[in-house]
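First chain written, first letter: the chains are A, B, C and D, and each begins at residue 1.
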Amino acid sequence: MLRYLSAGESHGKCLIVILEAMPAGLPLSIEFINQELKKRLSGYGRGPRSKGIEDDKIEFLSGVRKNVTLGSPIAMRIKNRDYKIDVLGEISKPRPGHADLAGALKYNQKDIRNILERSSARETAVRVAVGAVCKLFLNEFGVDILSHVVSIGGVEADTKDLAFSEIKKRADKSSLRCADKTAEKLMRREIDKIKGEKDTLGGTFEIMAKGVPAGIGSHVHYDRKLDGRLALALMSIQAIKGVEIGLGFDAAQRAGSDVHDEIYYQKTKGFYHKTNNAGGIEGGMSNGEPIVVRCAMKPIPTLMEPLASVDINSKKPFRAQVERSDTTAVPAAAIVAESAVSFELVKGYLDKFGGDSMDELKRNFKGYIGQIKKF
Amino acid sequence: MLRYLSAGESHGKCLIVILEAMPAGLPLSIEFINQELKKRLSGYGRGPRSKGIEDDKIEFLSGVRKNVTLGSPIAMRIKNRDYKIDVLGEISKPRPGHADLAGALKYNQKDIRNILERSSARETAVRVAVGAVCKLFLNEFGVDILSHVVSIGGVEADTKDLAFSEIKKRADKSSLRCADKTAEKLMRREIDKIKGEKDTLGGTFEIMAKGVPAGIGSHVHYDRKLDGRLALALMSIQAIKGVEIGLGFDAAQRAGSDVHDEIYYQKTKGFYHKTNNAGGIEGGMSNGEPIVVRCAMKPIPTLMEPLASVDINSKKPFRAQVERSDTTAVPAAAIVAESAVSFELVKGYLDKFGGDSMDELKRNFKGYIGQIKKF
Amino acid sequence: MLRYLSAGESHGKCLIVILEAMPAGLPLSIEFINQELKKRLSGYGRGPRSKGIEDDKIEFLSGVRKNVTLGSPIAMRIKNRDYKIDVLGEISKPRPGHADLAGALKYNQKDIRNILERSSARETAVRVAVGAVCKLFLNEFGVDILSHVVSIGGVEADTKDLAFSEIKKRADKSSLRCADKTAEKLMRREIDKIKGEKDTLGGTFEIMAKGVPAGIGSHVHYDRKLDGRLALALMSIQAIKGVEIGLGFDAAQRAGSDVHDEIYYQKTKGFYHKTNNAGGIEGGMSNGEPIVVRCAMKPIPTLMEPLASVDINSKKPFRAQVERSDTTAVPAAAIVAESAVSFELVKGYLDKFGGDSMDELKRNFKGYIGQIKKF
Amino acid sequence: MLRYLSAGESHGKCLIVILEAMPAGLPLSIEFINQELKKRLSGYGRGPRSKGIEDDKIEFLSGVRKNVTLGSPIAMRIKNRDYKIDVLGEISKPRPGHADLAGALKYNQKDIRNILERSSARETAVRVAVGAVCKLFLNEFGVDILSHVVSIGGVEADTKDLAFSEIKKRADKSSLRCADKTAEKLMRREIDKIKGEKDTLGGTFEIMAKGVPAGIGSHVHYDRKLDGRLALALMSIQAIKGVEIGLGFDAAQRAGSDVHDEIYYQKTKGFYHKTNNAGGIEGGMSNGEPIVVRCAMKPIPTLMEPLASVDINSKKPFRAQVERSDTTAVPAAAIVAESAVSFELVKGYLDKFGGDSMDELKRNFKGYIGQIKKF
């Protein structure tokens, strides 16, 4: 069963991750992984720190030889440019909207730095590295995946008439991962405005994965359902407060006849649907249509116009300090989410197809595709 | 680590669940558990089958002696009144919106009954039983939990001025678990109308848990975050397509200064917040405020006015058969969700407080409460 | 990932188990499972209770339809004939060699019955049921498995010149699962003698599994090694105090040249070994030779000539009470161990070959066998 | 739940491990950890490579600040001095007694280096680092742990009259971790002799842990039993072929009256035993007496006098190559095993006592000790 443990503090030496149970024989491209890392750092509305460390680079410490996976655990490291955790001073002022206070209470820490260094979204860099490896895997099975920003500060993108490939191309070119140029312009204006008000913005984004056959995940036990696993993977990303699949919350407003995807059949295609309101998941399993998931991100909780809080030592009120000053990080979160989805899909593939080598996995996969084609 | 496995088919002998790692010494009330089961079956808009089996009753098979937990695995059984799985005929017609087709392909089953018997929401009965045991546990630690229906078919309840206890009382009395009488009336009207159209409705509901101290869950690793775990638990419930915490998707529309909950302190109360936009969870941990989660449920996918589909044997199109005829099941899903949240909270308590007996757990809990009070 | 939870107390209503993740399409034979259960209860040297309940019978509660697995969780129940846990009196006298005292302290139970009802080896009945299902699975892949008693009370069986099938046949016929008739006679004499002395005996037994291809388990992470998993599965059986694989402890006494199995190749056979000192496992993986594991069982800790202990209430010394009066249970433990090994092997097969249906698994398996044949 | 993932190849850049869920506030000593690493590399009978890299040193990459744990994942790295995996040539000759052949078949690797680099016992260096951290934890709760070599090449040490502290002191001073000087001398002679014969030796060793209270582990489910968990942890160490607890295999030879530890009580001590044949574990739980476990290690499978094998490409027989030339590594394995036991004990402590900070854990622990004292 595919699994990983990540480690590292925001101003520690590095971020590190061990990814266990990837099959042997998968070619990896450091360039591709580094590109993905770069995407996480870019985006209009980021502050100077994000930009300063814009050259996050992965280093393989194990599990890979001559750029091909060995089947043994893959350790990846991203060095931190501003390693200074040991000399940084104590913090007694918890910031609203962060893990600061709850973490200090739980772990009995009077220096809040001991909490915020780990709770920081800096950790998501290695989630992106894991996701990049997973994308290379999925690519071998014809799966393509994208993320794009749907809304920022109330401005909504309109992508309903765009093909998958078009959304992907446009999002990758956009400074806000937004596939709707007009909306992007308005979003940037909104960001500039809110920045002037020393405030911050959240938004929503969408992940789509194309090429996943029916049968990933399972209906038989709650913790094996693909929708549940995706929800955990996404809701656990810093600042995510909502996850929806397919129509999501909108499905709750419609009549059943306007929601459920009817089933069709063509000899060449097999079974298919003309709509995808389910977002590609029915009964906890992929149904052959693209997986479509959307997330809501709250605004960045560190404002230049700070918020009321209380010093944990003196118990005196204060105005919360600014540790970081991005105005919005929605495009970055979209990349992290795309990575999280990629990981969960690979996990699902390995659960279904087993396999210790790519040769074996492809043989098993091909056998299954034949089975459902002839079904 | 608290865990459970559930088993059982919709028309099989029974539903069954084994709940492992509950501490010894917790008094259980069969009456309470049966009441919870009853709540799951009630609700305006249910069809005849739900009503016919309205007397779901739990039986303890193990783990309990003289109505007190032993610390050993708790097995619970709910008998099915209409056990007939072995005599029921084959099904070759997959219903849109169900696990039918994806499950048949995945498990290579030409008789779709072999899928739908397990994917059925009938399984949630034992999730409610598990949740009821968990509520009895949480009660010993001063945690109170509720669920209420927020919208059905576009009609929204207004509960923003109601206290926790008031919402709970009203929801328990309402035929739709709705705490707003006016809205309830309109919802019923909407249900009647859609039933006349042979269609179905979904909706949204909210779970609230009061009395959870700061520090349940953890920020240190993605799979230990309370929000992620809740998301998995909820998204894996049949027909749930969206989960949000606190402001949820609405947070994506607001400025940061309008979202983050400021921190205050009073000697008697300790740290607290005046708002709860975070829904009680920051950094993957409870922050001491009530946990607030909302879910979106899609309309029931079995319509009396059926949908287009294709026979898996003949490959001929047909109009999907009606297997069941509830018009809406939002109130039932709310109870299931309340149960799922209860389970995840107990898991979080045991992770944090350890303990094999209730005496030990309470001692550890009390020590922690003292720690954070003096912090 | 294959998993199970078991539940049930010794004098409770029943024993119950849920086995999750067995593929769909495996035919099950109730008769076979009941035969296995019967084997667990037989054996020379058992006391009256074991005999009285000699008719343990499995009932499927879920996961099976028309005697074929559905892919959904399989719940099995064995009713207890002497259900009386609720009326049995309190016990304050811990028996040496049992979980009694440690369990009472851990779970803070003043009535030791609350511990011993679960720690009892009665629980192993459902482990045998799980094992029987697993044997039916393994059988489909050409794996055969046996257990036989190697020593009781110092009397050693000599089976070194016997073929697998011969050991299996003889063990199944023997009153002590012993494949050496002469030794069996001496063992029975030893049992009679020790019974006369109101004492008890332990012994050793061996499990062998034939037909497992190279590559089950993995060398890449400690918790995926087949030898480690088998060791957990076996050491966790009541009264087992030692586990060894292949030569085991004897390997520690020999020179390397006398231990390691040399590698040979024949076109028809592929790679093979002429010796099997490794017991079929090298580097945490099966190596294509039969898996051979041996366990040591301590004597039954309940003696008719009782042992010194202390009442937990009065703190007064007493002589430990007799709860049960088998003289030896080594043949029964051998069956339980055979079942535990079967479960771990199936887990290993599913990890390697994936698969949700038997068709798919067989296709994947066949592909792999072809791969290693052509390697 | 405490967990770790390890990574790294024998001639890769480094070995790396992430240890997740250690509580905050545990002071760590790099010196202590490095001493433990040094112990793993020493021992009479080691070859030149082991000596050449005698200066394994740990580096903390995360989870620790100012030498105190943060509660976040602890990443530790040990650099490899002879990093050259990318330039090393292909290997087509599998060595008997290693993972080589089974691994090549399983992972479909024609270059056996891709297997042996990970299956190498070099990986145990990070298991020792994890164990060292765990020992520092256990030390805070008054637990002391030791390992000592019991036999090499048939020479048995006699330590039955030695106190725990005496065995520990002597083992730490001995070139073979042997607490019996006379036996040590004979063992060295045996090693010299076998080295002259170009052969290798295995042996047995014992782990003892003192100060563990009753109640670690659990009787309620097989996979929570302390003996089972220890067995997995130990059997998964390279070259270990047998594990026994307390009397172990010897218990299978004795009468019950000669095996089970009688129970006594003294006001100051509470419940105790005068013997420890159970090795401190009854019913899957610690019983308050020292934990005593023994392992059998097979001889090192790389002989200077090589063994018959077959080239995987040419299918021609050859004599297996020498990759490494220790004569025995029993003292090193003992240290690895001591580390593995330490990890499992800490896991057991966290399961029982919960706790996110050392303060909290100690408070909970103290409460429990009070409970069992007053029981």
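The rule is simple: a residue touches a chain if its C-beta (ideal position, glycine included) is under 8 Å from a C-beta of that chain, and two chains touch if they have at least 3 such contacts.
Quick caveat, the model's predicted, so the values are computed rather than measured.
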| said: If more than half of the interface residue numbers appear on both sides, call it same; otherwise different. Which is it for subunit A and subunit B? | reply: same
| message | With contacts counted as defined, which of the two, A-C or A-D, has more C-beta pairs across the interface? | response | A-D
| request: Could you put a whole-Å number on the gap between the CA centroids of subunit A and subunit C? | output: 44
| query | Centre to centre, by mean C-alpha position, how many angstrom separate subunit A and subunit B? | reply | 26
| query | Which integer distance in Å separates the CA centroid of subunit A from that of subunit D? | reply | 38
| field | subunit D, residues touching no fewer than two other chains | value | 5-6, 20, 71-73, 106, 108, 118, 215, 218, 220-221, 352, 356, 359-360, 371
| request: Would you mind writing out the residues of subunit D in touch with subunit A in their complex? | output: 3-9, 12-18, 20, 23-25, 61-63, 65-66, 70-75, 77, 85-86, 106-109, 113-114, 117-118, 356-357, 359-360
| request: In the complex, go through subunit B and note every residue touching subunit D. | output: 1, 20-21, 71-73, 215, 218, 220-221, 224, 350-356, 359-360, 363-364, 367-368, 371
| query | Tell me, which parts of subunit D touch subunit C in their complex? | reply | 5-6, 94, 96-106, 108, 115, 118-119, 127, 151, 153-154, 194, 197, 199-204, 214-215, 218-223, 225, 227-238, 240-257, 259-265, 271, 273, 278-279, 282-288, 296-301, 303, 305, 307-310, 312, 315, 317, 352, 371-372, 375
